[in-house]
């Protein structure tokens, strides 16, 4: 559900640290009618322009707190709320060039009442903000 | 069911036509608690000593009548009865050499009340009768 | 309510012995008579070679009746099959299905049966179309309610609705007690272990079934813990078997005329390891059931790889249990 | 029997609008009040950010009660989740599951709810262990009976047995009307077609469902006729949905205290395309049901790719249908 609203249209841009572009970020939401504790977010696989981003280069942030994907797995005191736009940051020297890019996000969520662990995948094409 | 009784211990021998060995035969039964009309016997795949026999080289016989496997598919006036020992004949110049052989039979039966068409496979090792 | 539960046996119970040539038709019938289980049910094409494609000789029909007379047994039900997949790649036309059922009605009548059993996959419209002919022949067509279906299943309700709408008594039900499976059969578990399932996996699957957990959860857990292999075949059985409630037969009782006393293992203590026959009999009595309950031994296929199949002893134990549940005196041969 | 069926709405119905920021909590509650659907059900973690890992600020709880007072609405049920898979690779210990349920009992009580909803996959022992605390707090824990389960399912019977054995009134059921799906939802079919299912395949699957055929036969036929592809996703739905009988709620009525009026499409003629609400209401009246029936719109996820989701209009139509079935006068805003 909410398939065409999972990767948000706004917020896709490069990020810098001390004047140096260190990566890019975009906003994403859960494809689900409720929120989920962070320990149950098993993976957020990012693919940009057909290139798969290594898991260790992805960061997840909500409300000013940030985690690696591995750190999420043992975070029991916070959650990704229903409709909440999380910031997905990808470490990448130089970020992305200006222009349009294909973005793909595969969310793997461990939901207790499902017998299996589903992965839901979204794709979109976005203009990198200046 | 009846797994170790599908390929019969007796009846495994070469067959001749006008003094010439033209193949071999063995006796087999259905792995089922009832009989089945011949049109629903979709395949009888024979493997001897690891070698798969071409479908067109297999003949099925009961009570003096004989069919190719293709002919079985349009035979609506006869059946392979419960417990009945059918003769499976394989055309093969020279037959098989004396001694023990590995025999494998895969029976593919179209049973109306099953949603799918099952194949049941049996293996045994038999001494070729003199 | 008054009830009249009569003991019978489906000769399906002796399939192992007949397949191997150890028992012939007379042996089967005499065995049942000696147990006082005088109602005889058959799968027509198991008992009679040639049915239905070739036909059955009059001598064979005469032999059947002679055996009934000789042993004082009663024809109860002919289980027919309706091979609607006779033709490869094309469904059997509706009219031909109806004609096929009529042929089995005639055969049942010829054998002196009161009922013929339809498999649960048959369309209600086919049975409704055949019902007038069944009425004419004094035969009722009974749909077998068999696992994975059960009395509350929409397909069974569809049949029930169709029978009511048709306004005929010629259509009814034959419940197979396998739908009331309350404990994972021991003979299934041991067979799967012999087939390569690790004992811990078998224990886990048994526990999941006995706890009545939804099959998909157990399937997923087994895949995660043990991966592909023979344990997937064992856990697959949870998708097709469950512990439905015997009391659900009550709403259908007026149309239930025969029962398959499916069983996998009668213990020496005269209980079926998995199916609560005391509860089943309580429901049958409560509902005023009048008809036969026929032993249907199906443990044979689960033990045949490891031991001699003792079909007769197993049926004898179930008949002893029936005598206990009915307060009947046991024939001397049965007790022996 | 006397009955007292009250109209309510689960705010789950407005998930699309709240996800997109088009409706806030006050908007949702006002909308329900204007329809005279004064009973309010929530999924706690949908309505309140932070629940349960972070908690909910007292100001938010106060805001909830203020809105209830402002609009004259009544808290009915907090649907909780119990994340027993919180820890990767290891099950949540029993005691921790019980503690988690108690936490949701407290939260429900804080919100003024009478009930909290448990998902059907939760173990009965967990609920039984939490029951004394629920009694203390004046809360009942209701197990949602949800497709593919149904009232005759062994797992549901196991829960029922456990509740009886525990001898407590604090445990009961919340039936989700999705278990009574008598016609393949039109919005599902159209969505699958948009996702690439050939129309002939979609027609075939719809017909198989409407005929109540066993899922595995239809799955096999679709695989044979069309092979792998999006049609396998459509036919898969037959494994998880069926037309069970509303009358089965009767045996459980004393423990049914809230109802999810699940729906996929209310037509302009004020009928739900797939679920027979007239029959549902007949059963509720027959059984003397006293409690709310809460709209639970779930067509949103099936149409969102092709049109604007009109959750409020859909809920309004269902509430109009409820008014008709209850002989209630419709509030002016509802009729508009």
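Chains: A, B, C and D, in written order; residue numbering restarts at 1 for each.
Basically, a residue touches a chain if its C-beta (ideal position, glycine included) is under 8 Å from a C-beta of that chain, and two chains touch if they have at least 3 such contacts.
In UniProt terms the chains read A, B = C-deglycosylation enzyme beta subunit; C, D = TIM barrel protein.
Since we're looking at a predicted model, the values are computed, not measured.
Asker: List every chain that touches both chain B and chain C.
Answerer: Output, common partners of chain B and chain C: D.
Asker: If you tally contacting C-beta pairs, which pair wins, A-D or A-C?
Answerer: More C-beta contacts join the chains of A-D.
Asker: Quick one: chain A and chain D, Cα centre-to-centre, how many Å?
Answerer: Centres of chain A and chain D (C-alpha means) sit 30 Å apart.
Asker: Let me have the rounded angstrom distance from the C-alpha centre of chain C over to the C-alpha centre of chain D, please.
Answerer: Result: the chain centres lie 38 Å from each other.
Asker: Roughly how far is chain A from chain C, going centre to centre by Cα mean, in whole Å?
Answerer: The computed centroid separation for chain A versus chain C comes out at 56 Å.
Asker: Indicate the whole-number Å distance between the mean C-alpha point of chain A and the mean C-alpha point of chain B.
Answerer: Distance between chain centres, rounded to whole Å: 60 Å.
Asker: Could you pull out the residues of chain D that touch at least 2 other chains?
Answerer: 121, 214, 217
Asker: Using the touch rule from the top of the page, what pairs of chains touch, sorted by label?
Answerer: A-C, A-D, B-C, B-D, C-D
Asker: Report the residues of chain C in contact with chain D in the complex, numbered from low to high.
Answerer: 121, 148-155, 157-158, 211-214, 217, 242-245, 248
Asker: Would you tell me which residues of chain A are touching chain C in their complex?
Answerer: That would be residues 115-116 of chain A.
Asker: Name, in rising order, each residue of chain C that touches chain B in their complex.
Answerer: Residue list for chain C touching chain B: 12, 15-16, 18-21, 43, 45-46, 49-51, 53-54, 81-88, 119-121, 300-301, 304-305.
Asker: Which of the residues in chain A come into contact with chain D in the complex?
Answerer: 1-5, 29, 33-35, 37-40, 42, 73, 76-79, 81-84, 110-113
Asker: Residue numbers of chain D touching chain B in their complex, please.
Answerer: 214, 216-217, 219-220
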